[in-house]
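Two complexes come next, and they have one chain in common, chain A, joined by chain B in the first and chain C in the second.
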Partner chain A sequence: MLKSYVGKNVCKVDAQDKVTGQALYPDDIYFEDMLYLKIKRATHPHAYLRRIDTGKAEKLTGVVKIITAADIPQVKNFGLIIKDQPVLVGVGQKMRYMGDALAIVIAESKEVASQAVKLIEVEVEELEVISDPLRAMEKDAPLIHQDSNVLATHYLKKGDIKKGFTQADIIAENEYRTSTLDHVPLQVEAGVGIYDKKSGVIKLWVATQWLHDTQADIAQSLGLSKEKIRIIQPVIGGAFGKKEDISVHLHLALAAMETKRPVKLTYSREESMIAQSKRHPFIIRMKTGVTNKGYLTACQVEVIGDTGAYASSGPAVVHKGMYHCTGPYNVDNVSGVAYTVYTNNTYCGAMRGFGTTQMAFAYESQMDILAHQLGINPVQFRLQNAYDIGSSTPNSQRLTHSVGVKETIKGAAVMAAWKEGSP
Partner chain B sequence: MSKLNIELTINGKKRKVETTTSTRLLDLIRDDLHLTGTKEGCGKGECGACTVIMNGELAASCLILAPQADGAAITTIEGIGDDKYLDPIQEAFIETGAVQCGFCTPGMILAAKKLLEENPHPDEEEIKRGISGNLCRCTGYQKIIDAIKLAANRLSSSDSGRGKKDA
Partner chain C sequence: MKKRGRGIATIMFGFGYGEGFPDHSIASAEIEEEGKILIRTAAADVGQGILTTISQISAEVLKVKPEAIQIIPGDTHLTKNSGSSSATRQTFFTGNAVKEASEGLLSNIYHYASIEFRSNHVELGIKGGYIFRKDNPNNQLSYWELAERVKARGDNLKAESSFFPHTDKPDPETGQGEKLYVAYTFVTQIIDLEVNTDTGIVEVLKVYTAADIGKAINPKNVEGQIEGGTVQGIGMALMEEQIIKEGITLNPDLTGYLIPTSMDTPHFITRLIENEDSEGPYGAKGIGEPATIATAPAIANAIYDAIGVRIYDLPITPEKILKALKEKVKFTSEGWLGL
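Presenting the complex of A and B:
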């Protein structure tokens, strides 16, 4: 077995299906008698829904049913860490970002569903739109959910931060900001659902990264046992963290139960941009101390992560970012605080690196700034501070094996053709 | 949204299809002909996932209305090869690891097909230009470029007769 495979190229099991176009992604699945869904989304990023009128849309030929929150009073909120996201926003409830769903249109064709969405009339009472997490943290800012706009606060402490800065000869203190990013997997959110009347089982073909968590979340939201939710994983057309969150799943399940017919929902790219998770933009305030000989003594960090309208993976992403505040460099004295903050932006969740890529922009910039101030070679400066076997991370994890950062730095310097005097 | 009949040659077969004035060629190919190897990534002609070869030219099928394809000859990924016969480009994509999520792969292979028909010996820059209308979010493109190089080598060696002898 080992002799046959290790050290040899093995063709991926699904590569042939993919090069011939035979691989079935969610939107490639068709059933006889299938209906198409389209979602009526929020008309304002922060507003109470005061009226929703589906009358004109329902009269359109080909519209089978329009589901609003009034039709599903038993359905509960969903969410990966905190159940704070509504399946549909009802009258008297708040829309908190432009992706919030107000109604599910079920029609005989995609075209009719799209037309019907435009005929739904909505009246809202507008509230202050909070697009800046610093505004969200102010005392007089309106609350986006029931409790504080600061959803989670995490702390980090290692050694003695005061002593660390006392030992430092040079201190660099800077603020860094990173931007919102969409993962842009080429396949947008899509899926097909079928409700089996006999067994009461809802079958969903949706590309998803957390099958079992998603199954449990759908079940709790619908008030069904997990056995009644079956997720069948089609081929995933890229995910990168964006498909960890629920997207089309609950709307498909509700429409399938309502109509007892196969249903399909495929987002447009614009809808995916507006409604589905993003990489958190971070504000990072970092203060780093170093001796004249170029050894790091202290790192103090404050992280403000804009998680948008809903928590998603935010509480985990933002504090994980903070835990990486020193990067792969030895610092004995570390102190940090990370705030995960609600705003009316599109919610942010998991994306490759889970908070660490944002932090890398800050600590690596600090390393370059400090090397410049010290007048020493930035490669050497990194190497003399880099982790080895036995080093401990900001949360005091002792590294016991597989520490390759010095080789990586050396290799990167060679590949970048770095030489003395390079920026 | 009036209905009309069109006739087109798709992967060598003549097809008569009823469509509408507002149906995109992409929807006709996917929803009516069920050739779902042609993908929709953006609906704006930016990503290349919906690429087909239409009358010998690469085309974004999301930007073409179905009636515009009346009388056209269209090749989709299903016309390039199948389980019984893989095109050398398809083989090269598998062997070099150029396929990850695979969603861009059909469009990439069609772009590569067109490139190699016009220029059997492209250099790296020419390959990059050849696939510049196709986005990939997984691979970083290098293995796709490797695949096209490998396919070009194999196709040119089979032109000289060696490949045919082996077969």
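Presenting the complex of A and C:
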């Protein structure tokens, strides 16, 4: 039956508000009597905090309160998969990257809050900074957290990898590297919080990609029931994975409870880039085997994903990348290992493609290299190896329906008028 | 000198959290104030257009205009869990939950109308928010009038539904499992570009994309995702890198960290492969993440095609291209190639 609305180019429901400036993004929200927050960040990427002195900052006119870890002993760590990230680093504790928060300054204006942050005095005991995941994996490397710097190791084994390479006539073996990326959403981390004395509910207007999960993480960190945390989704100015993690939420909640006044916190772009999650840089070592006739026989991969100072989605990202190591091609023999590694870099989390974006750079470069070595047209090479219904993925998931990969190859080639013999 | 090249990349993406993680979405549909139908969902619209998608699906099921669909914007205290707007999952998960909730509401509209009209379900017709007996179309009730009557009976005209497909946890030693992800999206991109061998600057000219997305609920939105994702992929391929040395970010601003602008945006030619063969609403699959994945390798392959050098580390900056070209000339002049 013909459909009325599905498959039609219906105008986006939020388009008018956005183009006319009516849409309320978190930083647009304003309340009378509102206070402004600014976060004092780590002064060293890897160091023990030995002393923090907020005395001078507190004396500045317009500063209402400065919260340090000593004020919130009951507050617990947070994190999407592992609760390894502190709300505030306390004296005697470690800062693990430049985005770690040391204090929350609450002031009558943004300007005063920024000035006050500069007046906070900090003494640290510096440790070796680990910026390279390969160094982090060495036996003598200092531990960034309590346990190993290798946060997670995942494996992939399908078929017989030795046999696969024996069957191969040509083998390509290369190392690929991808860079640390920021999502660069137009809207940086921002929000407003209000504490309702009567109900004890903290209301937060903060963009999040997963309302109820963020609510749960805030609640467990503050030791409150979920009902006491109400998140109202403002209009979101882009996310791409960067708004899955906690950012301003807990600091807003603590400041709202402390002052009983509306509070606002908006990151600068610089703060957003330094403090909030990144796309994992990957080191990918890939070995791919193919017969003279151009059929893939084996794929072996080693992945090292630098997850930075905290886990975030890291343990899920790095191995999801590995699980996609063959791309949409039939390969009977697959073997892989993926390491998710802590360093003192900005922590990495979810970003569009979740590890598979990095992996595609490796497997599709390999396909191109092999096509050239074989002297086969790269379109033909992909077509003859691509999945069909009944194919099985590196995880041995049998594909039972909706496998249109060959149609995408043919479709793109037809559109681009890819001729036989052209690259 | 400017040299042209063409590269191809084909990718797959298993969407949803998968791997046995309890991935689900809850939605409800109810008759609201005159002329409106209220959908409750916590699905975050990050700009991808999920709220538009939801309104189209619900309007389709309930045979009303999309403008009649009102969606409660996310609020933990007014909506139930819809999972995250990530993992390319919202159209598939919340789309299905909204479709089922809307179907539940429609079933109840039929149920209560058949009581009001003293008829069988097959004798009832539905159009534009009205329900009527086919043998007497003038005798009709609007959904909202019907809702009033249902209320008078002490009941409510609403329905809640959820979508909660099963996936398997992979074996920890081997990563093997029967069903790791609910489904896969496939994309092929062919990219034409030009490399300036004097400056090392790459200009992406044309991007041909064919995407197997099952069914486009809103083709323009899907194209928008593909174009935006591709531009993000161009950034990853050619310019973006947060440089962190000894834990310190050296370029924490958009002066030092370059992203593509409209001037870097190529010409797009896109084809949507719609076999309507997935378990998503109307056969739809997700496109959010797959839209960005093929771009970087297609560009790397096109650069190789243009100038015969392969770069193994991203981003492929002008500096890396010039350095690689220099080394290639050295090898060639010393006769190392072709050995």
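Here, the second predicted complex is superposed on the first by the 407 of 423 C-alpha atoms of A that agree within 3 Å, B and C clash if a C-alpha of one lies under 4 Å from a C-alpha of the other, contacts with A are read in each partner's own complex, and residues count from 1 in each chain.
Quick note on the criterion: a residue touches a chain if its C-beta (ideal position, glycine included) is under 8 Å from a C-beta of that chain, and two chains touch if they have at least 3 such contacts.
Since this is a predicted model, take the numbers as computed values, not measurements.
S.K.: Please indicate which partner A:Gln16 is in contact with in the superposed arrangement: first for chain B, second for chain C, both, or neither.
M.R.: first
S.K.: Hey, is it chain B or chain C that touches more of chain A?
M.R.: C
S.K.: Given the touch rule stated above, what does A:Glu111 touch, chain B (first), chain C (second), both, or neither?
M.R.: Touch partner of A:Glu111: chain B, not chain C.
S.K.: Give one of first, second, both or neither to describe whether A:Thr208 is in contact with chain B, with chain C, with both, or with none.
M.R.: The answer is second: A:Thr208 touches chain C but not chain B.
S.K.: Figure out whether A:Ile231 sits in contact with chain B (first) or chain C (second), or with both, or with neither.
M.R.: After superposing on A, A:Ile231 lies in contact with chain C but is clear of chain B.
S.K.: Regarding the shared-chain residue A:Phe240, is it in contact with chain B (first), chain C (second), both, or neither?
M.R.: So A:Phe240 meets both chain B and chain C here.
S.K.: Go through the superposed model and pick first if A:Asp28 touches only chain B, second if only chain C, both, or neither.
M.R.: first
S.K.: Under the stated touch criterion, which partner chain does A:Cys325 make contact with: chain B (first), chain C (second), both, or neither?
M.R.: neither
S.K.: Figure out whether A:Val188 sits in contact with chain B (first) or chain C (second), or with both, or with neither.
M.R.: first
S.K.: Determine where on chain A the residues touched by chain B overlap those touched by chain C, and list them.
M.R.: Looking at chain A, the two contact sets intersect at 9, 11-12, 14, 184, 236-240, 269.
S.K.: Across the complex, what residues on chain C touch chain A?
M.R.: By the definition above, chain C touches chain A via 5-14, 19, 42, 44-47, 49, 51-52, 55-57, 59-60, 63, 65-66, 71, 73-77, 79-87, 170, 172-181, 183-184, 186-190, 192, 206, 208-212, 214-221, 229, 232-233, 235-236, 240-249, 252-254, 257, 259, 269, 271, 273, 275, 277-279, 281-283, 285, 288-294, 296-298, 300-301, 304-305, 310, 312-315.
S.K.: Touching chain B in the complex: which residues of chain A?
M.R.: For chain A paired with chain B, touching residues are 9, 11-12, 14-25, 27-28, 30, 110-111, 183-188, 235-240, 268-269.
S.K.: Which of the residues in chain A end up touching chain C in this complex?
M.R.: Residue positions touching the partner: 3-14, 44-46, 97-98, 129-131, 154-158, 174-182, 184, 207-213, 215, 226-227, 229-233, 236-241, 243-244, 269-270, 273-274, 278-279, 316, 319-320, 322-324, 327-328, 336, 343-346, 350, 352-354, 356-357, 360-361, 363-365, 367-369, 378-379, 382, 386-387, 393-399, 401-405, 407-413, 415-416, 418, 422-423.
S.K.: For chain B, which residues count as touching chain A in their complex?
M.R.: 1, 22, 27, 30-31, 34-44, 47, 49, 76-78, 80-83, 86, 90, 93-95, 97, 99-106, 109, 135-138
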